[in-house]
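Starting off with a structure, shown below.
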Amino acid sequence: MKFLVINGPNLNLLGKRERDVYGSLSYRELEEKVTAHLEREGIECEFFQSNSEGEIVEAIQSAAGKVDGIVINPAAYTHTSIAIRDALLGTGIPAVEVHISNVYAREDFRRKSLIEDVVVGKVCGFGWFSYVLGARGLAQHLSEERK
Amino acid sequence: MKFLVINGPNLNLLGKRERDVYGSLSYRELEEKVTAHLEREGIECEFFQSNSEGEIVEAIQSAAGKVDGIVINPAAYTHTSIAIRDALLGTGIPAVEVHISNVYAREDFRRKSLIEDVVVGKVCGFGWFSYVLGARGLAQHLSEERK
Amino acid sequence: MKFLVINGPNLNLLGKRERDVYGSLSYRELEEKVTAHLEREGIECEFFQSNSEGEIVEAIQSAAGKVDGIVINPAAYTHTSIAIRDALLGTGIPAVEVHISNVYAREDFRRKSLIEDVVVGKVCGFGWFSYVLGARGLAQHLSEERK
Amino acid sequence: MKFLVINGPNLNLLGKRERDVYGSLSYRELEEKVTAHLEREGIECEFFQSNSEGEIVEAIQSAAGKVDGIVINPAAYTHTSIAIRDALLGTGIPAVEVHISNVYAREDFRRKSLIEDVVVGKVCGFGWFSYVLGARGLAQHLSEERK
Amino acid sequence: MKFLVINGPNLNLLGKRERDVYGSLSYRELEEKVTAHLEREGIECEFFQSNSEGEIVEAIQSAAGKVDGIVINPAAYTHTSIAIRDALLGTGIPAVEVHISNVYAREDFRRKSLIEDVVVGKVCGFGWFSYVLGARGLAQHLSEERK
Amino acid sequence: MKFLVINGPNLNLLGKRERDVYGSLSYRELEEKVTAHLEREGIECEFFQSNSEGEIVEAIQSAAGKVDGIVINPAAYTHTSIAIRDALLGTGIPAVEVHISNVYAREDFRRKSLIEDVVVGKVCGFGWFSYVLGARGLAQHLSEERK
Amino acid sequence: MKFLVINGPNLNLLGKRERDVYGSLSYRELEEKVTAHLEREGIECEFFQSNSEGEIVEAIQSAAGKVDGIVINPAAYTHTSIAIRDALLGTGIPAVEVHISNVYAREDFRRKSLIEDVVVGKVCGFGWFSYVLGARGLAQHLSEERK
Amino acid sequence: MKFLVINGPNLNLLGKRERDVYGSLSYRELEEKVTAHLEREGIECEFFQSNSEGEIVEAIQSAAGKVDGIVINPAAYTHTSIAIRDALLGTGIPAVEVHISNVYAREDFRRKSLIEDVVVGKVCGFGWFSYVLGARGLAQHLSEERK
Amino acid sequence: MKFLVINGPNLNLLGKRERDVYGSLSYRELEEKVTAHLEREGIECEFFQSNSEGEIVEAIQSAAGKVDGIVINPAAYTHTSIAIRDALLGTGIPAVEVHISNVYAREDFRRKSLIEDVVVGKVCGFGWFSYVLGARGLAQHLSEERK
Amino acid sequence: MKFLVINGPNLNLLGKRERDVYGSLSYRELEEKVTAHLEREGIECEFFQSNSEGEIVEAIQSAAGKVDGIVINPAAYTHTSIAIRDALLGTGIPAVEVHISNVYAREDFRRKSLIEDVVVGKVCGFGWFSYVLGARGLAQHLSEERK
Amino acid sequence: MKFLVINGPNLNLLGKRERDVYGSLSYRELEEKVTAHLEREGIECEFFQSNSEGEIVEAIQSAAGKVDGIVINPAAYTHTSIAIRDALLGTGIPAVEVHISNVYAREDFRRKSLIEDVVVGKVCGFGWFSYVLGARGLAQHLSEERK
Amino acid sequence: MKFLVINGPNLNLLGKRERDVYGSLSYRELEEKVTAHLEREGIECEFFQSNSEGEIVEAIQSAAGKVDGIVINPAAYTHTSIAIRDALLGTGIPAVEVHISNVYAREDFRRKSLIEDVVVGKVCGFGWFSYVLGARGLAQHLSEERK
């Protein structure tokens, strides 16, 4: 099973500041830990990070037919991008929404997600492990779907 | 008379999925049908599609002085982009807003347009023919203005 | 193809005042220009204007089985009449909503339409030409439906 | 005991379309079934239907002194007419509000009634039988009042 | 100076019920008292009452060119009719809005008027005398305008 | 036909206070009158009253397969309990919502019901007779369904 | 009959600026014209102007027992002062609210008045003549009360 | 590591109805699958289900000092219970919120959770597997905390 | 004079956690301090604590005729329980609402109380002493009432 | 212990009108009863009343260093004055908010207090005795603070 | 160039408390630093501070014709005073709004300013230096206007 | 001291249209005037303009460690971009928000800024001079911080 892991704006800054919110892992370390962990469970994953809404839309479009699913942390675009929602709807690739921090314990505007009703499920609050849980949840979902 | 036809994010996916909403025409076919149709009415049109808000802003800016008007379907950016609104205001190119589907019969957040009060008019719900109607409406508007 | 063109309250005042909003055409002239224009495209149209919500409801009811579609500019009733919405739903006649002015560039209460999600499409901002565009869009829609 | 049964706009279309919402009974059949049913319980009823808000206001005004109560289904005017509310208040005729469908399971704007707080009670969701229940409730209410 | 005095729905019931709100004067008596009073001040007035929104719209349209101004108490339509607003705007006849009761001391929905920003002024709370004050205010306004 | 009649919190206080709202019948008397009345129409009913949201949820669950329908007056829980809604949805037992008083003529928070869109219909304002009407409406609905 | 005429903040600037809103009369001239006019109708009036909310509260308190009524234009405090409302309620002096301009045709926050539901009536939009109309309305109201 | 798994109202109905929302697993089967799965990962779990808000509060209170964490699916009480929130805050037991369905793709009122900002994280949309993911996420969180 | 002191959910956890909010007194100590204090002022009080909304409703119902008043701290149910409000209204026992913490300096949802308008008065922010003040206030109120 | 008791606008009218809301005690009598009562408990208090927001701000500023605390009933300014809030924050004098009536059982706008989250606690609904309770609560709070 | 610098309520407390918000400068020191700094740039300034809304209104009125502009920090009145807005509009003196703290990073109610749309510009967040920047900005604006 | 000056979408159009809002300076001239002015005060500044949200995010990220602060005019993105906010938070570079026009005197949606609470301060309304003031304010802030 192969997933594309998409990370939105500023996630490349991980580990540099706001460590009380996002932890001390760098973005590179997060990639490595998640990849290693999922590999052991037979899930291959490819990472993509961009600060541009348009590039994320295109990454989703390009993934069609190449991956089994998408694990997406749209970061700031979670709350403002209908274009990413439309890309998920338009390609129909099964996806899960993940967040490093517990978005519900922060600013009010982080409570609203524009994709949460078009994804399979949502995981937040477990740091880098949110990606692992999201990917495993998606894998489980897909294997049950196939039965 | 020459118009720039701008299409926003994910419209390049036309015909692939969500056909009940957007119809089965591919983006390429839509371009061809609209172009052919308008040609017969003496309107030349150039198409531009982008998934990036910034690129659409720049397409509008670049069009200043080169076209008589803009037919724009900003797709998802209709509802979130003040930058596109400001580009239309800043260049002063006459524009019409068009939509393939009837945006009022879908999710609530598609009811709000951030450009609808700065364009000449708005057409939605007629599939690919919305572009034809929008272009003809704009042409008519411009020819009456010139009198 | 035959359409009923319904005009709501005060449209009979066209050309008398508020010309910056509605233009200088009188209601009679609007009828003539639209009729002539559509005739050339093979669309026959009958006009009906009333200042009474109930009469418009009855005009819609009476049209059932007699016309192929309705082009309706409910004017003030656009924003307040559920009865007209229910008449369109109850007869099932395909309809388009048109407006002379760009209703989105005026008072806030003109932004809400109570019929916009039950019509095929919507056209506004092109003066008397909105009716022509709306009728053509409806004709196109019906001919595609029939295929 | 004699009641006036008032029906608002488009109820004369009953049985023609939207049968999943309103059932397949025609308006005439509804009148007959309700009349027959109530007759057996000693309640005489007279039917009035209009698509005009003003005519309904006048029907209420004219009923003063002639009937013991009003069973009213204002249809679309339920949600928009303060004039009908004022007519009920102004004549003081005891009334019940009835609806064929369960208005709470439809569009949001059907949840608000402008008369619900000035009537004796409200019945909805039981098809043509809502009228019977409403009339019986009103009869019971009046007979208890008189004790 | 000649004014048309327009009264909306249910005002013909005056004096019958809800006397704590509207007083015990009948509609006929109100007409006589207001007419007599204004006559003494050199203002001629003609009364019109209707329970129909459409008829009020037409009364306004018909008054164009025949009266110097309109004194209007739209009653329930004050809060729901954009059509009456548009008739006032469309004919451009100077008008004042009057109410018998103090609409601000009643239900919340009576606080909003859809014509209050397009009339010269507003008078409420003085019973039948509101009409006298409104008419005098309008006369004063017009005579100052003419200077 | 057999119905479970469920009464929510504080309805056991009936007849003790707030008689202007709920009447002077005690809860026991209400049970007797409703039972006697419905018996004559061939409807058997069992009463259940509880002040606990959880117990009402369980009463609904236990009724599955034992009764033909539920007549429920959730009292205060009408406005706050999603759990009761979910119990009705989860068991799928046909239900009607009834209220002794006209809930729309009281505090604003009594206007919202969390079950009104998942029941067959709603009856309110007729005192103890609301239960009779609700039960008869439900019986009628079920017998029409069975046809 | 004797009235206290209270004017709120900045009304002493009348005639200096914003003449399109308030006219060209100075505050002194307004006092004179209103006084002269009312004198002819047998109404004596005393003027009070203050820019301080507290002083207006005290003016109202001091007026108790000394005047028959209050004509008040609280200007900016109309929209923000509960203290003035409480002073009117606390002294029980009959009052009318007046405004020079049509407050409903200006900024949105001028639409809300915190005293409008505790005064006898309200007059706005007639320039200096609003005071005359308000005073006459109050006099009429008081003389009818006394009957 | 030992967790208490708390399930709110109506979850005992699992597998009986609304299978498109909750799947076809019975509550008993869900317990077994989750227990078996977590056992393999060295996590012991005890299940508790109640339809009563008060009992859930007490289950949380009783768990203090006996378990390492709580996996809670408060079902309907997610959206209405501040008492459960306060129990979690008052005992300080680390908890995760889980849901079988994607609550964001259902009724609007299911979007608000009253505990989401006081738990470690949230998982929803993965059926019975949501519990497994939640438990694993909590275990990971606790083991990182202990470092 | 004898009062029932009712404490809502989680107050039995007092002194265990969240000491910055609720202080370090245990629930037992609070009972003792309040009882001792009030005894000295001739007020006898009985304590009742429950985590269940239904049990609190029943405690209020059972108190009718046995106590002179109720001092209630509904804790979380303050903000969500209409059932408790209805029990207070339905029994008519004079009550005061008390809170240990200053509920206005915490989460927004703690600002709304569903009983505050049906109790004699409200005291909050004084720790265990809020109960003493509330009880004394109620005693004073009752003794003045009896005069 | 010495407290400043501040009373806002119109409280000097106590006992004159609105006795159903505020009781029949005059402001002078309230001062005397509260003073006498608190004296017996070893609390000295000084009264200050003003109808001016600015003067209340200055009374608070002047009290810094001279009193142990403030008992404040800001009356109308409770709901509109950020300046008083800022004075309490700026001087840091411990304060309690008191009200004679139960502000929650009156107009909606009296429900919001702009100081309630910056005072120690709040007492309302106990007539003149609210001041006594507020002062005693503050004294208790201060003596516990000092331990 | 000469400016009046107006400071609203509680700014005279500067440096006493809440130093994390407002810094440790006393009001006197702020005056001196700002005056000295502006003097060097050829701007003369006069300071005025008041805790009374009315006095600030009068200070603005008195400044007409005597100064070139106003630098105003209305403190709490920023958010509540329409009277100050009207004074600025009524005198037409060019003004800038300044704040010591970043008002957007504090309580929500500090985000709304009632004068921000009638001043030339706004400066906040730079401590005492906000006054200097505001004054310089105003000077620059005036000198450009004069060209 | 060295600052990065970031300009958002459409600011490159400066001087071309909407001159009543933005003045007649071209973007190039603005750069030159600001640079020259700040140079004289010992502040070096580098300009960056982009129409793309993603590029602005990256410009902020790249500036970390290279400049002392950021002067940012995000133009349209002020109101819609959480990504820019997160970039400022994520890099921790001190920043000020500036606007050429007075954003509070324009469309309502321009009143909300998504970065205003995470910057040091805000300056708007002074044309090109807003940049100068913002930069000077930031320089002053940084030099005080360093003390």
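Going in written order, the chains are labelled A, B, C, D, E, F, G, H, I, J, K and L, and every chain counts its residues from 1.
The rule is short, and it goes like this: a contact is a pair of C-beta atoms (placed from the backbone, for glycine too) under 8 Å apart; a residue touches a chain by one contact, two chains touch by 3 or more.
Quantities reported herein were computed from a predicted structural model and do not represent experimental measurements.
For the touching copies chain F and chain I, the fraction of interface residue numbers used by both falls below half; the interface is of the different-residue type.
One rotation lays the C-alpha atoms of chain F on chain G, and its angle is 120 degrees to the nearest 5.
Interface matching across F-I, I-J or K-L places the copy of J-K, with more than half of contact pairs shared by residue number, at F-I. Averaging C-alpha coordinates per chain places the centre of chain B 47 Å away from that of chain K. Mean C-alpha positions place chain A and chain H at a centre distance of 23 Å. Taking the mean of the C-alpha atoms as each chain's centre, chain C and chain K sit 54 Å apart.
Between the CA-based centres of chain B and chain L the separation comes to 32 Å, rounded to the whole angstrom.
The set of chain L residues touching two or more other chains comprises 52-55, 80.
Under the touch rule stated earlier, the contacting chain pairs are A-B, A-H, A-L, B-C, B-L, C-D, C-E, D-E, D-F, E-G, F-H, F-I, G-J, G-K, H-I, I-J, J-K, K-L. For chain A in complex with chain H, the touching residues are 96, 102, 104-105, 113, 116-127, 129-130, 133, 136-137, 140-141, 144.
Only residues 52-55, 57-58, 61, 64, 80-83, 85-87, 89-92, 114 of chain L touch chain A when the two sit together in their complex.
Remark: chain A residues 8-10, 12-13, 16-18, 50-55, 75-77, 79-80, 109 touch chain L in the complex.
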